[in-house]
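What follows is a pair of complexes built around chain A, which joins chain B in one and chain C in the other.
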Partner chain A sequence: MPSPNKIPREKLLAFLSALGLFFAVIEYLLPKPVPFMRLGISNLPLVLMIDVLSFRELAILAGVKVLGQGLINGTLASYVFLFSTVGTFSSLVTMVGVHRLFRHRLSLIGVSLWGALASNLAQLLLSVFILLGQGAWMIGPLILTLGGVTGFLIGWFAQMFQARSVWFQRVRHALQAN
Partner chain B sequence: MHSKRIDHLAAWLSPLQRLMMMLGPLLALVVVDNLVPALGLLFLTWVLAQMAGKRVNLFYFTLLALSIVGFALLNPMGRVIWDLGWLRLTQGALEEGLLKATRLIGMVFASLAGIHRALRLPGRLGRFWALVLSYYESLLNLRKRVTVKHWVESLDEVFEEVFPTNSSNPNEPSKEEASITHHPGWAGWLVVLMVWGMSLVILIWGGSLSR
Partner chain C sequence: MNVPQLKGWDLFPMLLTLGVGLGTLAYGYWQMGGTPRLEIQTPEGQFVFPMNADRYFEARGPLGTSLIKIENGQAWFESSPCQNKICIQMGHQHHVGQWAACLPNRILLRITANQEDVDAISQ
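Let's look at the complex of A and B:
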């Protein structure tokens, strides 16, 4: 591989945030079985970059995604923003945690599944305490199953992209050389 | 086919004024404790969201309201108005569910009307946000180049074009981000005052401030 070019980390973070935002807007438009739940497609850049960026950078990525989602979709002052923030950050902390604990024994699919589980559980708790009351537990199995499916797909997508993308390899190489 | 919505508020309000305008009905929705004024506030915020050119999916919000009311009914409270045997429909639970749904949906409408993407955030965060929006616009413009059959290759091409890794100078994003920054004018502040006034009148009329 030729010598890597320097990649400004701030610009890379901005690009990845924009990518997260792009997926977030797609997610907002998708029909959902329970209207207030998030599927987590917009967490794709986080899963993709989990072993490339530091926790601080991943947290910035997550923060800009939820803030941007609120600004672009216009939901910044609503319960949607709260659900999105709690879901994203609980997923991030869990994914980084399991990735650091089981670095070589857990694939990106596993990491993403853990993230989906954390995000959906956090949102379920929010539903119980803020939105729907104790009855919300009834939709738990449905939400967790759907979250598992999207978590698997996101992990698979990230794993395939990491393995086959020339762009990703260049970014990783450049960041390691920086 | 969807027609492009016109943002009528943009002619009167700067993004900051929009944000200020939103705070009136939003605060009113926080303090309202009665269904009738809450419905009034819901109507006001819906009108504002329409004026802001936002698409409001009625099916989505109906489903949301029904699920909130449905779950509230699982916790019976007050006078029984309908006994189905397996479920007792109570007036208190129904009213609480409706009030909660009205509040939450009203807050979404207020947010849709009041948050504009051109809202400038201060300092370093503001500069970073402008950069993010530029990349976002570029990604949006190139999204049709992504194909399902060759998704990795096509995504690679798009990413390389928006954020090049093989040139000596990584791409500066396009500068086409429309910074719709109107200077706050007196007419805009008048609109803000009117919306705040209407929110207050609805609260007083509904008796939410007299208790």
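Let's look at the complex of A and C:
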């Protein structure tokens, strides 16, 4: 029987994946005034757990999130899925990279902002060079600005949650003890 | 309400976001001034129309045909085969720099400005 101080990593991953999908459903229900725009709340588990889980575990979370979003939104067989996949994984790689390199100089807000910037830039470049052509540069200011604002808010919330949540502290200590 | 706890290097991605946003803004509005015209980017090519002549345009994408209407100096997605219809919700565009897009059907319409008058151009 597992010790009460230990949390099975696979159960935690399953819970966080389900949480990400729940947020994806919430996000799906909210109106989107412009294409490309996402609040990004389904990225919250990734930002929150960036210094707790390994890159492989974070990649699993990201993969489940992307697949779940595709199923929920009905975009699994469309270009939107390609956008979502490229955006999520470029954001993940960037966030993990900057967090590991500059963790003492960057807060979660900075990490989340880097993630938003990477995701939006990747999607913008995909639009320009593959899907929509040079005209897609016009989309840039709007999606980068909106992405910056939502990235800031997601990072801020994750920072407050990490500081206040007893559950998060327990998970962090349990995983460090594992 | 908690105040965000920022660290020194958090400013860098903020400034970078702002810089890239302004850069793309400058690029997008490179040729402002002149007569507004509608540029429609589709998988079949780019089509350019004057904004002062009313017309329908059928833009074909991977999902089917999106109907774009130009009327009274405004352009908009009249119908679209995509699921979420965000392109239709984006409404009427009439100022230089405005755009609307249907990502699933790979169609982008944007209003640009040109010094030369056009009837219709396909590129």
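Keep this in mind: the second predicted complex is superposed on the first by the 168 of 178 C-alpha atoms of A that agree within 3 Å, B and C clash if a C-alpha of one lies under 4 Å from a C-alpha of the other, contacts with A are read in each partner's own complex, and residues count from 1 in each chain.
Keep in mind that, in the parts below, a residue touches a chain if its C-beta (ideal position, glycine included) is under 8 Å from a C-beta of that chain, and two chains touch if they have at least 3 such contacts.
If you're wondering where the values come from, they're calculated on a predicted model, not measured in any experiment.
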item	value
Chain B versus chain C as contact partner of A:Thr75, first or second or both or neither	both
Which of chain B and chain C A:Val64 touches, first, second, both or neither	first
First (chain B), second (chain C), both or neither touched by A:Ser54	neither
Touching partner for A:Leu106 - first (chain B), second (chain C), both, neither	second
First, second, both or neither for A:Thr145, with chain B first and chain C second	second
First (chain B), second (chain C), both or neither touched by A:Leu121	second
First (chain B), second (chain C), both or neither touched by A:Trp167	first
Intersection of chain A interface sets (partners chain B, chain C)	34-36, 74-75, 78-80, 131-133, 135-136, 160
Chain A residues within the chain B interface of the complex	5, 7-8, 10-15, 17-19, 21-22, 34-36, 64, 67-68, 70-72, 74-81, 131-136, 160-161, 164-167, 170-171, 174
Chain A contact footprint on chain B (complex, rising order)	22, 26, 52, 54, 60-61, 63-64, 67-68, 70-72, 74-75, 100, 104, 107-108, 110-117, 119, 128-129, 131-136, 138-140, 143, 152, 155-156, 159-160, 162-163, 165-168, 170, 173
Complex contacts: residues of chain C adjacent to chain A	2, 4-10, 12-14, 16-18, 20-25, 27-28, 39, 41, 46, 62-63, 83-84, 86-87, 89-90, 97, 99, 101-104, 106-108, 110
Residues of chain A that touch chain C when the two form their complex	31-36, 73-75, 78-80, 83, 102, 104-107, 109-110, 113-114, 116-117, 121, 124, 127, 131-133, 135-141, 144-145, 147-148, 151-152, 156, 159-160, 163
